[in-house]
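So, here's a batch of structures to check.
What follows is chain A paired twice: with chain B in the first complex and chain C in the second.
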Partner chain A sequence: MKSRTILFLNALLVLSVAFAFTVTANAAGKAYKIGMSLAITGPTSDAGNPYAKGTEDYFKFVNETKVLGDDTIDCTIRDDQYKTAITKRNFEEYIDDGIVMYLNYSTGSTLGLKRDFEEEKIPVLPASYHAGNLDDSNYIFLPVASYSEQLVALSEFVVKNHKGKGKAKVAMFIHPSAFGRGPVEDAKKAVAAGLNMEIVEVVEHGKDLDNSAMLKRLMSKGVQYVLCHTVQSPVATMLKDSSRLGLTASSYGEEGKLTFLGVHYTGGNDLIALAGDACKGFVWSCSFNLTSEKNDGTTKQLALAKKYGRDDKAANSHNYAAGIMVAQVTTEAIKRTKDAGLEITKENLYNTLNKMNGKNAYQPYTTIGPVTYSKTDRAGVDMLQIYSVQDGMFKKVGEPIQSEFMKKIK
Partner chain B sequence: MSANKWLATGNFFTTYKQEQRTFLTNLDQSIFTFFLVVLFSWPLLFHLSNKSMLVIDNILIAIVAVMGLNLVTGFAGLISIGHAAFVGIGAYTVASFCRTMGDSHIIVTHFWPLLIIISGFMGALFGAIVGLPALRLKHLYLAIATLSFQMIFQWVINFMSFFNQGQTIFVGRVFWVTGKVGRKDHYLFWYFVILTTVVLLGFGIRNLMKTRYGRSLIAVRDNDRAADAMGMNPGLTKVYAFALSGFFAGVAGALHAYLYRGVGFESFTLHESISYLAMAIVGGLGTLNGSFWGPVAINFLDLKVGSLAEVVGQYMPSGMNLATALKPFTFGLVIVLFLMFEPRGIANWWRITKSYTKMWPFRY
Partner chain C sequence: MSYFFQIVVSGIVVGSIYALAALGLVLVYKSSRVANFAHGQIIAAGAFITYFLTVTVGIPIFFSFLASMLITFFLAMSVEKIFLRRLIGEPIISVIMVTIGLGSIIDGLIYLTPFGTENYSFPAFLPQNPLTVGGVSISWTQLVGVIITFLLIGGFSWFFKKSTVGISMRAVSDDQFGAMSVGISVPKVFGLAWATAGLSAAAAGCIIGNITGLNFDTLHSFGIVVFPVVILGGLDSILGAVVAGIIMGLIQQFASGYLDGNWGLNGTGDVMPYIVLVIILLFKPHGLFGIHEIERV
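And now, the complex of A and B:
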């Protein structure tokens, strides 16, 4: 009899413990699954690495500071080594796991998986700002203005600030891939639509360690501005060669010399580290706040990096800011959907993102302008800040700009 | 031939015909049939995630490609380090149809078996062309010739607007007798298609090796002058080895295009060619079952090292980069270790296991 009582009491104890854990689990709130696939190693990992850290840190911050109340974000980050096949494998795994939003990285994989995104009806925020991502696509949301818009805006900047007579003679220095080639057509369209500049040559760089011949050729053709759309290392090589040959303009637009300008992935602290003094005067367009221009946003960025023990290189990287930004937009979409009393699903997050405009526009602390999306506008931050290298760091040049010709050629 | 048709503890052939049997004993045949039934039926009994099915499909495609590489490098002894380009030829054949007719054209979506075969023949055509230098070149020089083809292929795809300059060219969803194959059944459907292809091509190679065409490959590999003296045509044999290899690669490429529903340049780079070669070496050059072991081993290794990197990343975030960098390191190390300690590949372990079980419980 005694042993039966003990058995009963033990069973009761086990049930009580199990019940207690169930209650705790319910009180802990829901966990929303997000998937991210990007190049932490391999090509372009110099950008992908801090990008991943930014996203990881911000989601940690959201969970620890209870931004979503008791609910949390469970974001799995996987390395795809810049390979579309691995990205697809990661994506399929995330879909099997039931993610509600997907964060992607490269241009190739975003274009390659576009149809999967459509079929899954899942909102996607890529790190690729390729305009082609938006063609025949409803679920891809670019975090900032497309490369095309950035290159056209930079071209407009060249025309407005051109020093010298006649048309501004420009050469394009681009990455030999879809990523590099995409915006060139739009720049040509802008010229056809009346942008007063001449595209003298489009150079697709290889893995050259010396650009002397190419730079001399551009000089002989009367080129005054070189617009770059690639990654930092080839730009750094070119800038060092130009500096060594004495071809770099000492001030913006100096006649008989070359002034170098670049789009998003060409600039940043990595360029300064690679090119050193040779990048003095380099003009760069970017939609993110930089830590070299202190404001509330950059203070928060640095505090976040410090909180999670990131080194200075990562903390000051604009790619770290870009990683935070996509996490911010994701969190905001979840928060707004939750506040509206809706369930957190792919469909509801998609609708919330589409309503992120007008007075509902979202201002993350990492960007220089608000994020706006609608069914017809899939580029988040439309504004661009022009920066220029002065005293070894990027400094603001004027107020944020927006392309005018892009609207004409769209 | 052994008196017992179910068990044989040694070779008792009395005619060449007996030696050329596909299965030496009834037990071999039964085990193989059972194995095939299991391979075809397990997905109907157990549900596997899309990711796992994608991994398995990918391994099966690699098996098709490595069978082709094994023909030219393993059986014929001709080094090819441009195999991914041949796979690319197959994939871009499907892509070309999509570009010219539209990716949802009936030929792409309904006549896909025909398109897969056409892709194989395109691979064979390019294989024969690339094989022409083999008439005059050997060893390292031939390897460089195949490398050149890889480079030319990459350049053409990267710069020709017809091929979308290497960007993804989409391939539409195919139809089967039950209707359109949707996203839900996509990987399972292609599992059956690719598995059927692997079985057919596997039997194709097994039978080829019983013919004089198959034997001439081995004869030319072992000593082409002796083969010439025996009345074979070494030049033609080499070209046809490349063509045959190209056919397998072309079929693999077309399957890849349909599985991924798109063709992008980066799946057919030099790195992929080296991976195929590694699979062939690890599996066992010059053996049919080596073509199965190699892709399984290399893909498994790739996945496991990836998982290790993830686990390390969870506990030591700063160590994740190092752990991920282990991937190429492990890949290289495995090849070196196999070349040093087991140049005959995993296939040799299989051979040892088989011969042991054949005589068990006796030692000899």
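And now, the complex of A and C:
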């Protein structure tokens, strides 16, 4: 009898311990694996570095504040040095690890891995807003409006605000790569579709120490606006040269001078750091809130950066905001999938993203408009805010805009 | 007409800076017959050291500039002593591979600092208004850059032609074993060659950084951008680097000014220097001022 009691008590103990472990395991929740590969070092790491910090910080915040209850996001971030071969290796290892969503970076690697994304049927959010990413692809979701849309919207801004007689004469100053060339064709299509401007020249820049010849040539052809689609450093050198030569417009659209405008990666605080006073009046399109224009979103962004000990430079970077934004979209997709009682899989996340529209559109605090995705619309934030450099910082110009001609030429 | 002269002035300015950036490559090649693939990283390091001393430490920029040249002088000398000295007498390709590895190590070290990924610019220390004569404009940054370039190049030319150490370096370049047999310390000469190359690289880094802003990728790419200048000049000729630099600068600016945007051409400013390089090398395979060596066997 006594031995039976001891046996019963032992069994009870074992069951209790097993139950305790089960409860602990359930309390720990599930960990959803996300992979991210980007240029933390190497070319363009001035953008990639704060971008990675934004993503890292937001996922930490999600886990610490239990945004997903007891479930957590396990995001591995790896440096690919802007080399597609390394990106591919990182992506393949992430797939082997069982990721449910992938965050990519460059235009080159996004285009290069497009087929892999299709084969793996995994939703991907890149930092490249190249419209070509979406061609023959179902799984790539651009976080914001494509470069094409931005360049066309900027062109429309030029036409609407053109000062002077006749058509606005425009030159494009672009990066010598697929990233730079991509949107030019769309801008040309917009002109063909009736946008009242003339693209006088498309300049692919090199590692120029002096742009005098190019700038004077553009002036001799009557160019009044230079639309830039590249990174900050060449724009800064050109702005300094233009300022030295006395060619920069003192106010927007001043006749006989050059007014400079640029798409997403041309602007931001880094441009001001590189060009100094020469970037005064530079007009920039961006879909993110900037900390130079305080609002609820930027307060949250700065608080996040402070919480995780980021310096002022990272905290105030629009690339930090962009990194947070992709983490926000990922988290929201997981949350909505969970709330729908579905398992967190690549397929279910893909479906959730495609339903992110209409009343289900998602408004992250980092962007100037809502993120909308569907099977036919895979550019997240469609709105663009025009900013211009005033008193050494980017300030808003008017209300957010959206390209009208892009709809016509699509 | 001012358009033409602006292009000439811009070409000379750009060419002079190319020449200064190429000088370090020439100095190392002249003494050791090695192409230094870590040169771009030393250019960047020199610029960042100047920025650090000026902005973080608070030293006036002129003294920071001199201090940075001094630091890269000893830094390059140490690099030679630690990594390259033991390769004396080994095949040249081994030494070149070490310089490629060295470039990766310096890359990695710079990426550990904020300078690897962030953009900076030197505080303004020269008048912001450009000098303009007859519609031709040049910024003070460019003008000071050209003056420093010619001072350094003149100094190095004198050093190699007139000083005992300079002549020793030329002797080592011609024949290492022959130089050793007359009592010249080859290791010391190599160390000095690297050190002077480091010094000139820092100067180039500061000037380029002042024009383009301080971005690591932009700065270190100039180590490669100026290779055609070195090859066209004849690899081991300081005068060749100057002449080739200015030729390259002029071709670049003229192509950009007169060809780009016409007849559907674009980006010729980057391509034309290479086309001209190939054409010149077809007729002068050793470059404009390179030594045509005849080996009797």
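Some observations on this one:
In this text, the second predicted complex is superposed on the first by the 387 of 410 C-alpha atoms of A that agree within 3 Å, B and C clash if a C-alpha of one lies under 4 Å from a C-alpha of the other, contacts with A are read in each partner's own complex, and residues count from 1 in each chain.
Quick note on the criterion: a contact is a pair of C-beta atoms (placed from the backbone, for glycine too) under 8 Å apart; a residue touches a chain by one contact, two chains touch by 3 or more.
Quantities reported herein were computed from a predicted structural model and do not represent experimental measurements.
After alignment on the shared chain A, the placement of chain B and chain C results in a clash. Within the superposed three-chain arrangement, the count of touched residues of chain A is higher for C, of the candidates chain B and chain C. Of the two partner chains, chain B and chain C are each touched by A:176.
In the superposition on chain A, A:236 contacts chain C only, with no contact to chain B.
In the superposition on chain A, A:40 contacts both chain B and chain C.
Of the two partner chains placed by the overlay, neither chain B nor chain C lies in contact with A:342.
Shared-chain residue A:302: touches no atom of chain B or chain C.
In the superposition on chain A, contact of A:93 is made with chain B only, not with chain C. After overlaying the two complexes on the shared chain, residue contacts for A:207 are found with chain C alone; chain B is out of touch. In the superposed model, A:49 lies in contact with both chain B and chain C. Listed for chain B are the stretches 43-51, 259-267 or 331-339, of which 331-339 clashes with chain C, judged after superposition on chain A.
Applying the stated touch rule to the two superposed structures, the overlap between the chain B and chain C interfaces on chain A comprises residues 40-41, 49, 176.
In the complex of the two chains, the chain C residues touching chain A come out as 3, 6-7, 9-10, 13-14, 17, 107-108, 111, 114, 116-121, 124, 128, 130, 132, 137, 139, 142, 208, 211-215, 217-218, 221-222, 225, 253-254, 256-257, 260-261, 266-267, 269-270.
Against chain B, in their complex, chain A makes its touches with residues 40-41, 49, 56, 78-79, 81, 83-85, 88-89, 92-93, 95-96, 108, 111-112, 114-116, 119-120, 132, 176-178, 181. Here chain B touches chain A in the complex through residues 49-51, 54-55, 58, 158, 164-168, 170, 183, 260-262, 264, 266-267, 306, 309-310, 317, 320-321, 324-325, 327, going by the rule given at the top.
For chain A in complex with chain C, the residues that touch the partner chain are 40-46, 48-49, 176, 200-204, 206-210, 212-214, 216-218, 220-221, 232-233, 236-237, 240, 244-246, 270, 273-277, 313.
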